[in-house]
Amino acid sequence: MRIAFIGLGNMGAPMARNLIKAGHHLALFDLNKEVLAELGALGGQVSASPREAVAESDLVITMLPAAAHVRSVYLDDDGVLAGIRAGTPTVDCSTIDPQTAREVSKAAAAKGVDMGDAPVSGGTGGAAAGTLTFMVGASDALFSALKPVLEQMGRNIVHCGEVGTGQIAKICNNLLLGISMIGVSEAMALGNALGIDTQVLAGIINSSTGRCWSSDTYNPWPGVIDTAPSSRGYTGGFGAELMLKDLGLATEAARQARQPVILGAVAQQLYQAMSLRGEGGKDFSAIIEAYRKPQ
Amino acid sequence: MRIAFIGLGNMGAPMARNLIKAGHHLALFDLNKEVLAELGALGGQVSASPREAVAESDLVITMLPAAAHVRSVYLDDDGVLAGIRAGTPTVDCSTIDPQTAREVSKAAAAKGVDMGDAPVSGGTGGAAAGTLTFMVGASDALFSALKPVLEQMGRNIVHCGEVGTGQIAKICNNLLLGISMIGVSEAMALGNALGIDTQVLAGIINSSTGRCWSSDTYNPWPGVIDTAPSSRGYTGGFGAELMLKDLGLATEAARQARQPVILGAVAQQLYQAMSLRGEGGKDFSAIIEAYRKPQ
Amino acid sequence: MRIAFIGLGNMGAPMARNLIKAGHHLALFDLNKEVLAELGALGGQVSASPREAVAESDLVITMLPAAAHVRSVYLDDDGVLAGIRAGTPTVDCSTIDPQTAREVSKAAAAKGVDMGDAPVSGGTGGAAAGTLTFMVGASDALFSALKPVLEQMGRNIVHCGEVGTGQIAKICNNLLLGISMIGVSEAMALGNALGIDTQVLAGIINSSTGRCWSSDTYNPWPGVIDTAPSSRGYTGGFGAELMLKDLGLATEAARQARQPVILGAVAQQLYQAMSLRGEGGKDFSAIIEAYRKPQ
Amino acid sequence: MRIAFIGLGNMGAPMARNLIKAGHHLALFDLNKEVLAELGALGGQVSASPREAVAESDLVITMLPAAAHVRSVYLDDDGVLAGIRAGTPTVDCSTIDPQTAREVSKAAAAKGVDMGDAPVSGGTGGAAAGTLTFMVGASDALFSALKPVLEQMGRNIVHCGEVGTGQIAKICNNLLLGISMIGVSEAMALGNALGIDTQVLAGIINSSTGRCWSSDTYNPWPGVIDTAPSSRGYTGGFGAELMLKDLGLATEAARQARQPVILGAVAQQLYQAMSLRGEGGKDFSAIIEAYRKPQ
């Protein structure tokens, strides 16, 4: 299949590589010439603009840092919608606000293009391994068209509803995740301060009503879960700055919807304080350090 | 075995019934004459005081509403420690602060009595069904002595460490639970306000990093989990007032330990606001109603 | 003086009226034809576009609802910067984010126009009475040029620094105001619940370290201050929706600056909850109702 | 007058000294023999117990660290109520929970003693200078009896209502103070991060709706107020640990009254985090350091 792939950053590049490996013909665009050259050498076709990349393609995928880039890549004079053929299945995998996703999709519809959103989880590791989760907001027909291709980059392809619901699913999940991780941090640090063994406490929580992914899979207390970032100095994993980005999207969407998110807003500020202290590059589970005596 | 059982309220009475059913001889005490008479009719021996109840017993169990009652039942002139024989295994199943648990246990040790703490989870339903979880703080020897008896009232008997750690485990778990439930409420209500189907959203969260007991087993959105209190008008379950009690114990223990619990403190206040509105008798998952437009 | 005045809403219209009364010749623009006609009848000159309004003017004032309107009014083809003469002193009185203020000012500078920001406080009452406070971000020269005109609409004309600092001053002050009002609400409601007379409590706070404008001038407890909105059913005053707007600007500016505002974020969510309950039209001091038993 | 003064710590000792200086005959008690000897040398009469101290006294004053001490000093076998003559005006100046104040006063009433509460503000400096504020909970008759004596130790003697209301006034004021200080810290730090001069910002706030004691008298930004602790490295002043004590009393009283105090609870946790970092000995305005980039 001829696929246009636009946005070849930390996530986009390995995703595109998996599609090339799967035998597709890729038309590529990014502002970074180096990564373009590198993927060109693997057989991709380097384009001069999003418009050029999509011109002959049967499917379009974009993976960009933020809403402003999505608007620009789709709506500019040299953008996707200026070059795309009506009827081409299109999906944006960026994590952005649901409203922008809907607005750009509407602009696409005006050109006869069915465009969905499909933000991912799984990080750069999942992108390289082809084990990402895609949360897809799309019509049934578009979802059917996209699914086989997304499966070549990921393991779970979840249909969340109409366009925009992929973004909604992601920010709601990550809002809860950001809260849970702080909840686990408070519980573990309190238990430790009061004198219970943290391994024992984690075991009890994990078989009781406090059980959650942030405790049983990604526990922030060092040594409780060998494979968690907490057991390797909070390196790797999901950086606090990325969590901040998602909480920013969630609280902003909540603000527009006049929907209170009290713990979510506090969580955002606590990660913000972590960022202010210069710790934003660490895995987000390092938030627990704010609850421990400085060593 | 001759067991003294003191404190026959909503939890204590069904627990004692299970021990009578299991064939033990029970010496009973409570201030409520009716429940004493009722359990006496099942074969228990009614005592005039804690002191009298424990005098001939091989094991002592107490189940009381709060720390003040525990102090009084153990330390008063007519109390447990005035009548107990040295060497009698003793366990308090009340949910109280860890410090009181340790202090009363110390007073017991001075009389040659090894006393542990074993707060429970599972509610009145679990007490009746004999499926409680016991979080036990006790020496190894005491734990071994208690375990067979606790198993006649519960399903999971967890050894948390020395005396006091049972309370610590319970309040840390419930601190996290109180936070998680609000986190799930915010995520579900936000998703709904933004336009995703709540059943779909819950499905995504439950197979992703937001996964937790409050979402996959006890989801606060009506209809998501058929067996959850949210699907029957927030009746039954774990009342908000009980959650308030446990969060009060957690934040007070944290205060004494100079340990911050930021989300925990906010959670406590949000359940407090629910109580102020006269909703404290509902299941604690009804906290989600604060995040929904009044109907 | 020939003054272009663009944006004639609840605030802009009375401000423009005061300038007409002071003898200036006004060139007016707004999308609302009625208000245009009304002010035209007072002697103002109705324009067909911002561009037309500014063409012959010696000074330009804008007063718009949000950043998007400011961008559009200044930068569109028919906008201020398309028609303005180089050297014309220009000021935007809208309350918007500091970054937009700076960006639009930069675009103005490229046309040889010195443009400042001067958001106001004092509400529609102050606008009508000509007693507004203007927080002005502008060069010294521009401030000198603007001051005499602003004085015809307000009482306090404060120079805050370079362009953007007017907005910063306003959102920082209102961030604190939003927090203080909730702090006073919690203190008053707690005192009442514990049994002290609220009038006495307010008196003590107002002569002690809790003293603040939200307590001594605008106390949210009904009857404490006769002239406060709390003493007339929370009508008039500064609506909760306006407070929400300003807290939204503050927390968004904080997010971009990686600056935590923990209490500010909680305050925003509590006003949001008030809005969700359908109370957003009340004066913001009605937040105290969330702390009182439903009547 | 013969006055019994019990509790001669950092606050009590200078208060007692002022009464000796004013010509009263003091009967003194404290567990610390050194301070007893020191005040004895100034003419006070050293007693062996509270009971002995009050036996011949015309008025009784106590100044103790916490509720447990108050209970013990009044209710023990060797305590105040065991020795006091019926009709002796009695006042406790400790800062404790309102409920204990009421309970001990009730026990006093049973002995024919009218006992009030009169917690102070003004710190050790005010105690030495005789410029304290007394918030007095007492009957009208008792207030009249106490006032002339309290005036020899303080400047503002405020009658708050019946017994307990002195404590209520103090904890409500300090709840608000703890919140306001963090509010000012967030506003000042945000303004600084966004680029406004902090001196200018403070000036604007102080003449606007954000105005409060924490900004205009005790501003946490160094250099804004020359006489504030922030301008001398956060030394002296009102220690964060003392603020923590008062916020603990406020949130605990709120808990018992089922009264939410959301911002108050967050404020308490933020000072707690400050204490965890080992900064609890600094003036409470040093909370602003949590909002600034580490230097």
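Here the chain labels run A, B, C and D in written order, and each chain numbers its own residues starting at 1.
One rule holds for everything that comes next: a residue touches a chain if its C-beta (ideal position, glycine included) is under 8 Å from a C-beta of that chain, and two chains touch if they have at least 3 such contacts.
None of these values were measured; they are calculated from a predicted model.
Contact count check for B-C and C-D (C-beta pairs in contact): higher for C-D.
Rounded to whole angstrom, the centroid-to-centroid distance between subunit A and subunit C, based on C-alpha atoms, equals 37 Å. Taking each chain's centre as the average of its CA atoms, subunit B and subunit C sit 52 Å apart. One simple way to say how far apart two chains are is to compare their mean CA positions; for subunit C and subunit D this gives 39 Å. Each of the following residues of subunit D touches two or more other chains: 254, 258-262, 266, 270, 273, 276, 290-291. Shown here, the protein chains touch in all possible pairs.
Residue ranges on subunit B touching subunit D, taken from their complex, read 244, 248, 251-252, 254-255, 258-262, 265-266, 268-270, 272-273, 275-276, 280. Residues 98, 121, 133, 135, 156, 158, 160-162, 164-165, 168-169, 171-177, 179-180, 182-184, 186-191, 193-197, 200-201, 203-205, 207-215, 218, 250, 253-254, 257-264, 266-267, 270, 290-291 of subunit B are the ones touching subunit A in the complex. Subunit B meets subunit C in the complex at residues 266, 273, 276-278, 290-294.
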